[in-house]
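The first chain written gets the first letter, and so on, giving A, B, C and D; residue counts start at 1 in each chain.
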Amino acid sequence: MTIAVIYGGTRQNGNTELLTEQVVQGIVTEKIYLRDHTILPIEDMRHSQDGFQERNDDYNSILDRIMPHNILLFATPIYWYSMSGTMKNFIDRWSQTLRDPKYPDFKNKMASKKAFVIAVGGDDPTIKGLPMIQQFKHIFDFMGTDFEGYILGKGNKPEDIFQDKEALFAASQLNNNLKG
Amino acid sequence: MTIAVIYGGTRQNGNTELLTEQVVQGIVTEKIYLRDHTILPIEDMRHSQDGFQERNDDYNSILDRIMPHNILLFATPIYWYSMSGTMKNFIDRWSQTLRDPKYPDFKNKMASKKAFVIAVGGDDPTIKGLPMIQQFKHIFDFMGTDFEGYILGKGNKPEDIFQDKEALFAASQLNNNLKG
Amino acid sequence: MTIAVIYGGTRQNGNTELLTEQVVQGIVTEKIYLRDHTILPIEDMRHSQDGFQERNDDYNSILDRIMPHNILLFATPIYWYSMSGTMKNFIDRWSQTLRDPKYPDFKNKMASKKAFVIAVGGDDPTIKGLPMIQQFKHIFDFMGTDFEGYILGKGNKPEDIFQDKEALFAASQLNNNLKG
Amino acid sequence: MTIAVIYGGTRQNGNTELLTEQVVQGIVTEKIYLRDHTILPIEDMRHSQDGFQERNDDYNSILDRIMPHNILLFATPIYWYSMSGTMKNFIDRWSQTLRDPKYPDFKNKMASKKAFVIAVGGDDPTIKGLPMIQQFKHIFDFMGTDFEGYILGKGNKPEDIFQDKEALFAASQLNNNLKG
């Protein structure tokens, strides 16, 4: 079992990253910081004659790094009660990959993976972050990916997350589980 | 009362746009097609010494077109069970505007507006689109904006929306209401 | 296709009933007013040696009236953001029926039915009623029942529902659909 | 600060009760087991000339035991993706109390309390229990009660909850917090 971490945050060492580091401590992972890459929004070409066009950005190269791994950690700060727009653009592009002859097994491969969500927010995340968790549930259900769990942490200012003992405990539990 | 429509879709004449046209039929509106503009993802600089930096994209000019209006229609296809990444990036940037001295009254002005959401999706939108509605509710509550209503339509292939009689009826009701 | 209507309200001719009458106008249905019956809360005996005991109330006789029908309408006022306690007690008892040798095919039979929810509430039902819809979705998914649609109406005082044109339109659409 | 625990479960020493005992260990609390009392469903008499009538059951005496306390723990097994029908009937009756001249300060008093929810379920509670949490949020918001937190535990067979380390940790954290 190997792990890819997909970071959606835009701030280095943000609370979400700090919490996620607890989760993957001592584990070799493939880390992808979406902010360091260009991912263009999808252009919905499902119904055009020529179909989707190559976007010539970093999306495919990121996908190529993710696909070999069995476990995906989606680590995103909660921006406006859901994942960051950066991460959303990444996921939106899956609609293109689902129709891309270069990735004929995309859905099947995603269906064999396990996913976790790690998200930190400042505004009552364990309540107001729930629609985001429900969205991820629908996303993973569509792909057939097992949604194995999530951690919702509370943090606003840098390093706030270290005050959220329940999130830290959940991170250490998940770390054990992933090492297992 | 004047209306701005913020389109988050990436396909011209998509189902969401067709439905929204029913809503605003016969009404002069400011129409913003986010896909025609460059909106960079937010870089969270809340906690850096220098604060947020100008991103030199189209975001502020779009905001300037929206702010004079009392009623905002957020029209987005449902991509992966929420608004498009394009629209999400637009909303994410509000965090910057909230701290931007050029927009000292941003929150107050938003708090005096009414908002509607119009969204069309292909995968059981009246059930699986609900977390998106709950997310918008949290967004509008944060800003103090009145969330006056929403229409969830069903459509996948072009023009499918014209089969969704309940969505069309809701659109005509909202049209009357906005004309009123 | 025949229809059973399960009314969870406690007030005769309440808004939910008025709306539901629009839905079933001109259609012969089996109408069950839960308020006219005694349905005891479940006693969870899954793990006791003797298993569930007969509760000697009206639950089984109600179930016997429902089971022959292909379509179930759950009509409940929104009390405290979900179905009435009366209706909840009725559904809670399904856990007993699932283990009741007198109903060996309970789950299979429920899995062949279609369900609709009709609910009227006074406090922002199209937003604050959504967790109830999501709860019903989980209930029907567990049983394998198709959740074919719902109507959320707004009403507080008697006959308020006649002002909710969208709910009335949805009711007339569903009426056509059920007659069809 | 004193605490009342309102138990909605129907099985003695069920997983929800075991988890809740961890939460209140070493703390004197007022414990109310709803299953030991008769609580009739509400009859909605808001719009009848004579108003609500005394129901002559145990509801008021339970309310009288709860009202003196500042902190309320709602401890319910997850039955069909929400609180038990027993607990729902209890909460439904609040609509009567809100209009009961014997409880003129009901809402004000509830608005000064803090509430926690402790719930154990067998079917993916941290996902499928979320609509219940959102429902409680709406309930507490209506009353003005602070919804201070919740624990969703996993358990099906007796004592399963002792395997849910995150729920147990959250319970011990809440225990410290309540003792504090």
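The rule we apply is simple: a residue touches a chain if its C-beta (ideal position, glycine included) is under 8 Å from a C-beta of that chain, and two chains touch if they have at least 3 such contacts.
Here is each chain with its UniProt name: A, B, C, D = Flavodoxin family protein.
All figures in this text were calculated on a predicted structure; none of them were measured in a lab.
A.B. asks: Return the chain whose centre of C-alpha atoms lies at maximal distance from the corresponding centre of subunit D.
C.D. replies: Most remote chain from subunit D, centroid-wise, comes out as B.
A.B. asks: Note whether the interface between subunit C and subunit D is symmetric in residue numbering, meaning over half of all numbers used appear on both sides, and answer same or different.
C.D. replies: Interface between subunit C and subunit D is built from largely the same residues.
A.B. asks: What is the distance, in whole Å, between the centres of subunit B and subunit D, each centre taken as the mean of its C-alpha atoms?
C.D. replies: 38
A.B. asks: Just how far, in Å, is the C-alpha centre of subunit B from the one of subunit A?
C.D. replies: A distance of 24 Å separates the two centres.
A.B. asks: Touching two or more other chains, which residues of subunit B qualify?
C.D. replies: Within subunit B, the residues that touch at least two other chains are 130, 134.
A.B. asks: Okay, what are all the chain pairs that touch?
C.D. replies: Contact pairs between chains: A-B, A-D, B-C, C-D.
A.B. asks: Can you tell me which positions in subunit C touch subunit D when the two form their complex?
C.D. replies: Residues 9-11, 14, 35, 41-45, 47, 77, 79-86, 88-92, 94-95, 123, 128, 130-132, 134-135, 138-139, 142, 157-158.
A.B. asks: Contact residues on subunit D for subunit A in the complex?
C.D. replies: Touching subunit A: residues 126-127, 130, 133-134, 137, 147, 149-150, 165-166, 169-170, 173 of subunit D.
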